[in-house]
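Dropping a structure here in C-alpha cells format, bear with me for questions.
Naming follows writing order (A, B, C, D and E), and every chain is counted from residue 1.
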Amino acid sequence: MEIHMEYYLVVSTIMFFAGIYGFITRRNLLAILISIELILNSVDMNFVVFNRYLFPEQLEGLFFTLFAIGISACETAVAIAIIINIYRNIRNIQAKNLNQLKD
Amino acid sequence: MNSAPQEAVFYILSAAIVIFSVMTVTTRRILRSATYLLFVLFATAGLYFQLNYSFLGAVQLVIYAGGIIILYVFSILLTTTDKDKVARLKNSKILAGVLTVLAGAALCVFITITHNFGPTRYVGDEVPMKVIGTALMGTEKYQYLLPFEAISLLLLACIIGGIIIARKR
Amino acid sequence: MNILSLFVLIPVLTLGGLLLCGNTRQIRSVVATGASLLLALAIGVVIAFLNERAAGNTAEMLFRSDVMWYKPLNIHYSVGVDGISVAMLLLSAVIVFTGTFASWKMPFQQKEYFMWFYLLSVGVFGFFISIDLFTMFMFYEVALIPMYLLIGVWGSGKKEYSAMKLTLMLMGGSALLLVSILGIYFHSAGEGAPLSMNILEIAQNSSMPVELQRWFFPLTFIGFGVLGALFPFHTWSPDGHASAPTAVSMLHAGVLMKLGGYGCFRVAIFLMPEAAKELSWIFIILTGISVVYGAYSAIVQTDLKYINAYSSVSHCGLVLFAILMLNQTAMTGAVLQMLSHGLMTALFFALIGMIYGRTHTRDIREMGGLMKVIPFLGTCYVIAGLASLGLPGLSGFVAEMSVFVGAFQETDTFHRVFTIIACTSIVITAVYILRVVGKLLYGGIVNEHHLELTDAVWYERFSVIVLIIAIAGIGLAPLWLSNLIQNSLIPVLNQLNF
Amino acid sequence: MGYANFLYMKGELSLVAIIVILFIYDIFGSKKSLQYYQPTACILLLIHTLINLLPGSETVAFGGMYHATPMGSIVKTILSIGTLLVFMQANSWLKSEQIIIRRGEFYLITLSTLLGMYFMISAGHFLMFFIGIEMASIPMATLIAYDKYRNTSAEAAAKYILSAVFASGLSLYGISLIYGTTGSLYFEEIPAGLNGSPMQIMAFVFFFVGLGFKLSLVPFHQWTPDVYEGAPTSVTAYLSVISKGAAAFVLMTILCKVFAPLVTEWRAILYGIIIVSITLANLFAIRQQNIKRFFAYSSISQAGYIMLGVISGSALGMTSLVYYVLVYMLSNLAAFGVIAAVERQSGKIMIDDYNGLYGTNPRLSVVMMLALFSLAGIPPFAGFFSKFFIFAAAAEQGYYVLVFIALLNTIISLYYYLRIVKAMFINKTETPIEHFQTDAYTRISLIACSAGILLLGIISAVYEHLNDFSFGM
Amino acid sequence: MEYTVLIFILPLLTFLALGLLGTKLKPNVSGSIGTTVLGICALLAYITAANYFSMPRVDGVRETIIPLHFEWLRFTENLKIELGILLDPISVMMLVVITTVSLMVHIYSLGYMHGERGFQRYYAFLSLFTFSMLGLVVATNIFQMYIFWELVGVSSYLLIGFYYTKPEAVAASKKAFIVTRFADLGFLLGILLLSYYTKTFSFELLTSGDSTLFSQAAGTTFMGCSVMSWAMALIFMGGAGKSAMFPLHIWLPDAMEGPTPVSALIHAATMVVAGVYLVARLFPVYYLETPEVLVLIAVVGAVTSLYAAIVACVQTDIKRVLAFSTISQIGFMMVALGVSGLEGHEGLGYMASMFHLFTHAMFKALLFLGAGAIIHAVHSNEMSHMGGLRKYLPVTHITFLVACLAISGIPPFSGFFSKDEILAATFAFSPVLGITMSFIAALTAFYMFRLYYNIFWGEESSHEHTPHEAPKSMTLPLVFLAVVTVFAGFIPFGHFVSSNGEAYTIHLNWTVAISSVIVAVIAIAAATALYKKKSPVPDRMAAALPKLHHAAYRRFYMDELYLFITKRIIFNHISRPIAWFDRHIIDGSLNGLANVTQRVAYAIRGIQSGQVQQYVYVILLSTVVIAALVLWFL
C-alpha cells in the first residue's frame, strides 16, 4: 500500500481550500459558483476515499457522493437561474454590484 | 493496487487536480476557469476509476462534466461582457484571503495527517452494479430508497423554482 | 373563587369594561366602579384578615389558594397574604382609588390611559398577593411596562427620554432578579426533592448553600433595589416622576417603588437569610447614602417633581435601610415607612399635578404666594410636607421612629454610625420641605396670572382628602397596624436566627 | 416491510399529496377556477395540520434513515401552522399584478421547503439530513427572488444562495470527516465512534456552520439582514420563523443525540456564539431604520436566545426551545403580517413611517405592539413565558452568567422594540399612513397570532403537552 | 383626676373645628370659641392644681399621679410609646402657667388681631399650640414628650409664619423650625441612646433613681465620655434648641416676626422654657448619672445668659430686646438647674429655676403683650419711632413698668424672689458664677430700663396719628398679668415644687438679696441717666467702642454664621455638588453607557458591508478560529 489514504485527503483538502479561495476572491458571480464546485467536489472525494480505505463493507460514502453530486447540480441550476435574473436586471454579474442591500 | 502504474496514475491525477484547482481560481478569464474546472472534474473522475468506483466515476463524468459544465459555459457566454475581467481585488483583500485560506488549509492538513484513522482495509474490488442498484432501491439499513425519493422532490422543486426565476415573464 | 384573586380579576374586568366604553361618561363610571370595588375589597380583606387572626388562625399566610400552573417547573398560581401584604394591598387600593379620581380629566385618549393604568394595577396587586416566585416576578414585570406608554404618551417635558430610561433601568433590575429567581428555584430543595417556586416552601427547606446565597442575595437585592431607588440605581426616579402624568407618578412612587422594598424583604431576606446577614453591610452603606444623598439633592432642586422624586429616593432609601437592620422593630418601621411614603408621596404628586394643571409650571422660582389664591391645595401641600418631615400625628413620624429605634438596637459602631447618618435626614428633610413650602405657597405672588387661579374642584378635593385621612389615620392610631406587621415578621425573624 | 415503510411517514406523505394536488390544480385549473387556489391551499394545509396534530409514537423506518419522534411531529405541526399563517398573509401580495402569474408555484416551492424541513427533522442519517437542509434552502432562494424585477430581491437571492451553498460546503466537509472518523452516517451509530479527537472536533465545527447559517447565528449571520430586507415580506416572514424554527430543533436533536460525546466542546462553542449573537445583533438592531432589516437583527438575537435551550441539552431545554419557537413564530408572524399589510398599502417600510400609526390604524398598531412586547419578553404575553422557560433551562445547567448576559441584552432589545412602539403610539407626524382595511386572510391570521400571544402563556397546557414528549441528552 | 384629659382634648377639638370649618365661621365666632374653650381649660387646670396640691403627701413626698395612659405604638417588648397624663408638681405648675398665659393671649388677641386676614386660622393654630404644649408637659414618657415637642415646634412654625405673605416672617418661621429641628435630632439621638440602654422611655422609671437601670451603659464610652453622658448631653441639646441656648438661640430673635401675642405665648412664656422643663423632668437622671452634663448645662446657661444680655443692651427693635431678654432669663433657669442638687437644700437651684420659670412666664408675657399694645399703637417695632408714650398709653405704661421692675429683681415684685434664689444657688455652687450671674442681672435691669425709657420717656417722635390706648380686651390681660407679677413672689413656691418632692421652705439669703437689689438699682439708675432724657452719652459710648457695639448689634455675627453654614456649606458645598454629581456622574454614566452603545452600534456598521464575499470570508475565518480555539483550549 504505497498510496496512503492521507495523500488523497491532502489533495482534496487543497482542492477544498482552493475553492474557498476562489469563492472569496473572484469577482464574477459565475466564477464564484465555479469555486463552489471545487469545494463540493473535494468533499465528494473525501467520502469516496474514506469509504474505500476505511469502511469498505458498506457503501455509505459512495452513496453520499452520489446524492451530493445530484444536489450540487440542483444548486448550480438554481444559482445560475438567479444569476441570469440578476444579469437581466442590472446587465452585469459582478459581485461588487450586489451592494444595494447593506447597512 | 500495489503496482507502480497505479501509483503513477495517482500522482498524475493528483497533480492535475491540484494544479487545475489552483488555476481555476486564479485565472482571470472566466471561460478558462470553467475549462480548468472541467479538468479537475475529469481528474477526480479518474481518481474514482482508480479507486475502482467506476459507477461513481461515470456519474461524475456525466453529471458534472457533461451537465453542469455545459450549463456554466452557456451561462458564461450569455452573461459575459468584455469589461468583466478588468475588475481586480485590492491586494490587501487577496492577501487576507490567502492567509486565511492557508491557515485553514494548514490546520486541516495538519489534523488530517496527524489523525490516526486506524487500520485501513483497502479492498480493491469493483462494486457490482447490482449491489448499487439494490442499495439504491431498498428500504433496509444501508439502502437508500428514501433519499432517492426525497432528492427527486428536491429536483422537482428546483426545476420549478429555476424556471420561475429564469423565464422571461 | 379566592378572595385575593379578585384583586387581579377586578382590574382585569375594568380593563374589559373600558374596552367596551364609548364616551367619557361611561369610561368614568367604569373606572370609578372598579376603583371603588378595589378599595372596598382591600378594606374587606384587612378586616377579614384581622378577624381571622383574632379567631386564632396562626397560619403564616391566610386566604391561601393554590392552583398548579406550569407543572414541569412546579409553578403554581399561589396566593396568600400576611399582615404585610394586606397592608400593601390596602395602600395600593387607596392609591389606585385616588389616582383614578386625580386623573378624572385627561386631555386625550382617556380610555387608553385608564387601560394602561389598570393594567399597571393588575401587576401591583398581583405582586402583593403572590407567594410563588414566578407569578410574583410576572406581575412585577406586568407593572413595569405600562409605565412606558403612560409616561411616553401622557407625560410632559422630556417624556420620551424619561420613559425609556425608566423602563430600561427597571428592566435591568428585573434582569438581575430573573437570574436570582432561577438560582433560588434550582436550589430550592435538597437533593432529589422536587424543586419549588413557592416562597414558603423554599424558606422551609432553606437548602440553598451559603456560597450561592452570597451570589444571589446581592443580585436580588439590587434587582428589587433598582425599583426601590437604591443608590446609585435611582436616577430613573427623578426624570421618570417628573415626566409622568399625575396619577402615574402617584401610583409609581406610591406603590410601584414599594414593590422594591417588599421584594427585598420577601425574597432577598426571607429566602437568603445567611447571605443577608453577611452582606447587609454593603447595602447598609448604599442605602445610608441614599437616605442622605436624596435629601441633599432635593435641597437644590427647583422643579417640584424633582424635589419630590429626590425626597422619595431618601425615603425609600430609609425603607431598604430599615429592612437591612434585620430586626423586628426596624422592619416594622420599614413597612410602615412604605405605607407612609406611599401615601404622602401620592398626596404630593397629586397636589403637584393639580398645581401644575393650574400654573403650567413646576418651577418653584416661577411661583409664590399660592396659599393666598388656592388655600385648599396650599394647606394640603403643607400637610403633605409635614407628613414628609415626620410630624407626629401623621404617618411619617410613626414610620421613621420605628426605623430609628429599630436601627438603634444594633449596637456595633458600623450600624450606629449609619443610623446616625440616616437620622440626620430628618433635619435635611425639614430644610427642603420648608424651602418649597416657603417659596411656593408663602411670600408674595410672583406671577400675576396666578391671581386668577381657582381652587380644587370636587374630584381633586376628594382624592386629596382620602389620602390625608389615610395619612392621619396611620399617624394617629398606628398600633393596630404595627402589631399587624410585627406579627407577620416572625417567620422572617425565625429564618434570620435559623 | 419494504415500501410499507412509507406509511410511517404520515406527515411527509400528506404534504407530498398536497404538493401534487396543488401542482395539478395549478397546471390544469382554468383561469376562473384558479381564483379558489388560495383557499384551497390554505384548507389543504389546514387539513394536513389537523390530521398530523396528534404526535403519534416514536418510529424508525428505512433501517434508521427515518426517525420520527413525537416531539419532531409536534414541531412539524408548529411549522405547518406557521406556513399556513404565512400563506394567509401572502395572499394580497400574491394577488398583485406581477406575481399572480407565479402564484401557484409560490405554494409549491414553499411547501417543498417545508417538506425539506420535515425530512430534516425526522432524519436518522446524515444523508437525509443533508437532503432535507438543502431542500429547505435551495428552493428558498427562488422564493427570495420572487419579486424578480426588483433588483434587491434578486440580489438578496444571490447572496442567499451563495452563502447557503458555501455554508453547506463547509458543513459537508465536516460530515465527510465525521464519516471518516466514525465510519457511519447513521445517527444512532455515530456517538459510539466519537472519541473527541481533534479531527472530530474540527469536523464538528465545520458541520456546525451549516446549521449555524440556517439559524443565522453570529458569525454566520451576515446574509440575514440583506436577505430579509430584499426578499418579499411574506418570504421574509417565512424565512425568519419557519426555517429558523426547524433548524433550531434539528440542531438540538443532533447535538443531543449525535454529538452527545462532544458535549463539552459544543457547549463551549455555543456559549461563545450565544453571547456574540445576542449582543452583536442587538447592537446592530439599535440603529436600523428599515423595519424588515430591523427584524432581521431581532431574529438573529432571538436565535441566540433559542440557543439557550440547546445549550442546556436537557428535556426542559427542548420543551422550552419548542415552546419558544412556537411563541416566537406567532409573535414574528404577527409583526410581519402588519409590516406586509402596511407595505402593500403604502409601500412604506421605514420605522419612521410608522409614526402616528396608532392614530390611523389602531388595531394594526395594537397587534404590532403585542408582537413587539412578546418578542421583548413582557408579561402577560407569551414571549415572557418562553423567555423565562428558556432561561430556566439554561440556568438549570448552571449557566447563570450566560443567562445574565442574555438578560442584560434583553434591556437593549427592549430599547429597540420600544422604538417602534414609540413610533406608533407616541411620535406625531403630519403624514401618517392612512387608515386602511386589510384583507380577510390577513385579518384572520393576525387575530390568530394575537390570540396565541395572549393565551399561550396564560394557558399552561401547551407547554405541558410539549413537555410530555421532550427528551434531552 | 381623669377629667384632666379634657384639658387636652378641648384645644385639640377646637383646632380641628376651627381648622376644618375655616373661613366658614365668622372671625369673632371662632375667636370667642377659642377663648371660651381656653377659659374652660384654664379653669380645669386650676381645679387640677387645687386638687393635686391639696392631696396629702406620701412619705413627705408629692405623689406622681398617672390618671390616664394607653399604648400608642410598640417598638419592642420594653420600648413602647404610651400616651398619657402624668401629674406631678412641675407638670401641674406648667399646666397652670400655660393655660393662664394662653388664656390671656387668647383674650388679648381678640383685640390685637381684630380684622386680620386668617383670624380663624390664627385661633386654630393657637389651639393647636396650646394642645401640644399641654401634651408636652404632662408627658408620661420621654417619647411622648418628643412627639409633642415636635408638634409644638410645628405650631410655633405655623404661628411665626402667620403673616405668610411677608418674606421675613416666612424666613423666620423656616429658620425657627430648622434650627430647633436640628436640636431635635440631638434630642432624638439622645432618646434613642438612653432608651437603648435603659430599655424604657418612662419618666417614672427613669427618674426613680434606680441605678440598675443604667448599669447596661456602664463602661461604654465614646470619644472619652460615657455613653450616658452623650445621651444626656444630646437630650439637653434638644432642650437647648427649644430654649434658645447659645449657639442654637438664633431662631428666637427672628421668631419675633410672628404676631406679638404669639411671641408672648410661645416665645416668652411657654414653649421656650420647654428645654428647662425637659432638664427639670430628667433632673434625677442628670444629677445621679451624669453630673458632668449638669455642669455643661450650667456653663451653657451662663454663657447664653451673658451673651444675650449684652446683645439686648444695643438692640433697637423692642421685640428683639425682649427676645434676647428671654434668652438671657432662660439662661438663668438653666444655670439654676445646672448648679442644683437633689436632696433637701441642695435642691435650691431646681426649685429656684422652676420658680423663675413661673414668674418669668408671667412678667415676660406681660412685657410682650405690653409691647404688642405699643406696637398696636405706633405700628412700629423700632425704639426710634417711640418715646414719650406714657401719656398716651397709661395702662400699658404702668403694667410695663411693673414687669420691668419684676425682671430687674426689685422687691417685692415676683422676679426678685425667684432671681434671688437663683443667685443664691449659684453663689453656693461657685462664687465666680454667682458674680457673673449678678452682673448679668445688673445688665438685665439696665437694658430693661433702657427699653422702658426709650419707649415711654424721652422725646416724642412724630406719629401719623395720635397713639391711643389699646381696647379693653388687650388691657385686661395686661392688668391681670401685672397683678400676678406683683403678687406671685409671695407664693410659697417651695411648698409646691421641689427637687425631690418634699416640702422646701424658702429662706431669703439676705446677703445675696441685698447685694443684688443694690446692683439692680445702680443699673436702673444708669439707664435712667442715659435714656430718660435724650442724651448723647450712649452714642458716644457706642462710638468709643465701635467694633464691640457693632458686633453686639449684629448679635456677634451668629446669624451670619448660620447663613454661612446653611447657604454656603449645605446649599452650595454639599447639596449643589451632590445634585451635580447625580445629574452628571450617576446619570451621566448611564447616559454615557447608552451613548457608548449607540456609538458602538454605528462604529460596527462597516462589518455589514453588503458584499457577499466578505460575509463568506467571515464565516470561513470564524470557523477556522472557532476550530482552532476549541482545539487549543479544550
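What we mean here is this: a residue touches a chain if its C-beta (ideal position, glycine included) is under 8 Å from a C-beta of that chain, and two chains touch if they have at least 3 such contacts.
Since this is a predicted model, take the numbers as computed values, not measurements.
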Problem - Contact-graph separation of subunit D and subunit E, given in steps at minimum - result: 1
Handout entry: Chains touching both subunit C and subunit D
Key = E
Problem - Maximum centroid distance from subunit A, chain identifier (CA atoms) - result: E
Problem - Chain whose averaged C-alpha position falls nearest the assembly-wide average - result: C
Completion exercise
Contact-count maximum falls on chain pair A-B
Practice task
Starting from the Cα centroid of subunit B, hunt down the chain whose centroid lies farthest away.
Solution key: E
Exercise for the section: List the centre-to-centre spacing of subunit A and subunit D in whole Å, with centres computed as mean CA coordinates. Expected result: 27
Exercise for the section: List the centre-to-centre spacing of subunit B and subunit D in whole Å, with centres computed as mean CA coordinates. Expected result: 32
Exercise for the section: Please report how many Å separate the Cα centroid of subunit A from that of subunit E, as a whole number. Expected result: 96
Exercise for the section: Give, as an integer number of Å, the spacing between the C-alpha centres of subunit B and subunit A. Expected result: 6
Practice task
Find every residue in subunit D that makes contact with two or more other chains and list them.
Solution key: 127, 131, 134, 138-139, 141-142, 145, 148, 157-159, 162, 166, 170, 180, 198, 202, 225-226, 284
Exercise for the section: List, in ascending order, every residue of subunit B touching at least 2 other chains. Expected result: 97, 100-101, 104, 107-108, 111-112, 117, 142, 144, 147, 151, 154, 158, 161-162, 165
Completion exercise
Two or more other chains are touched by the subunit C residues none
Handout entry: Chain-chain contacts as defined at top
Key = A-B, A-D, A-E, B-D, B-E, C-D, C-E, D-E
Exercise for the section: Sort out for me which residues of subunit D touch subunit B in the complex. Expected result: 1-3, 5, 16, 19, 61-66, 101-102, 105, 108-109, 112-113, 115-116, 119, 125, 127-128, 131-132, 134-135, 138-139, 141-143, 145-146, 148, 157, 180-181, 186, 197-199, 202
Handout entry: Residues of subunit D touching subunit E in the complex
Key = 158-159, 162-163, 166-167, 170, 198, 201-202, 205-206, 209, 213, 219-220, 222-223, 225-226, 264-265, 268-269, 272, 280, 283-284, 286-287, 412
Handout entry: Residue ranges of subunit E in contact with subunit B within the complex
Key = 617, 620-621, 623-624, 627-628, 631
Completion exercise
Per the touch rule above, subunit B residues touching subunit A in the complex are 1-2, 6-7, 10, 14, 17-18, 21-22, 24-26, 30, 33-34, 37, 40-41, 44, 47-48, 51-53, 55-56, 59-60, 63-64, 67-68, 71-72, 75-76, 78-79, 81, 84, 87-89, 93-94, 97-98, 100-102, 104-105, 108-109, 112-113, 117-118, 120-123, 127, 131-132, 135-136, 142, 144, 147, 151, 154-155, 158-159, 161-163, 165-166
Completion exercise
Listed in rising order, subunit A residues that touch subunit B in their complex are 1-3, 5-11, 13-22, 24-28, 30-31, 33-35, 37-38, 41, 44-45, 48-49, 52-56, 58-60, 62-63, 65-67, 69-74, 76-78, 80-85, 87, 91-94, 96
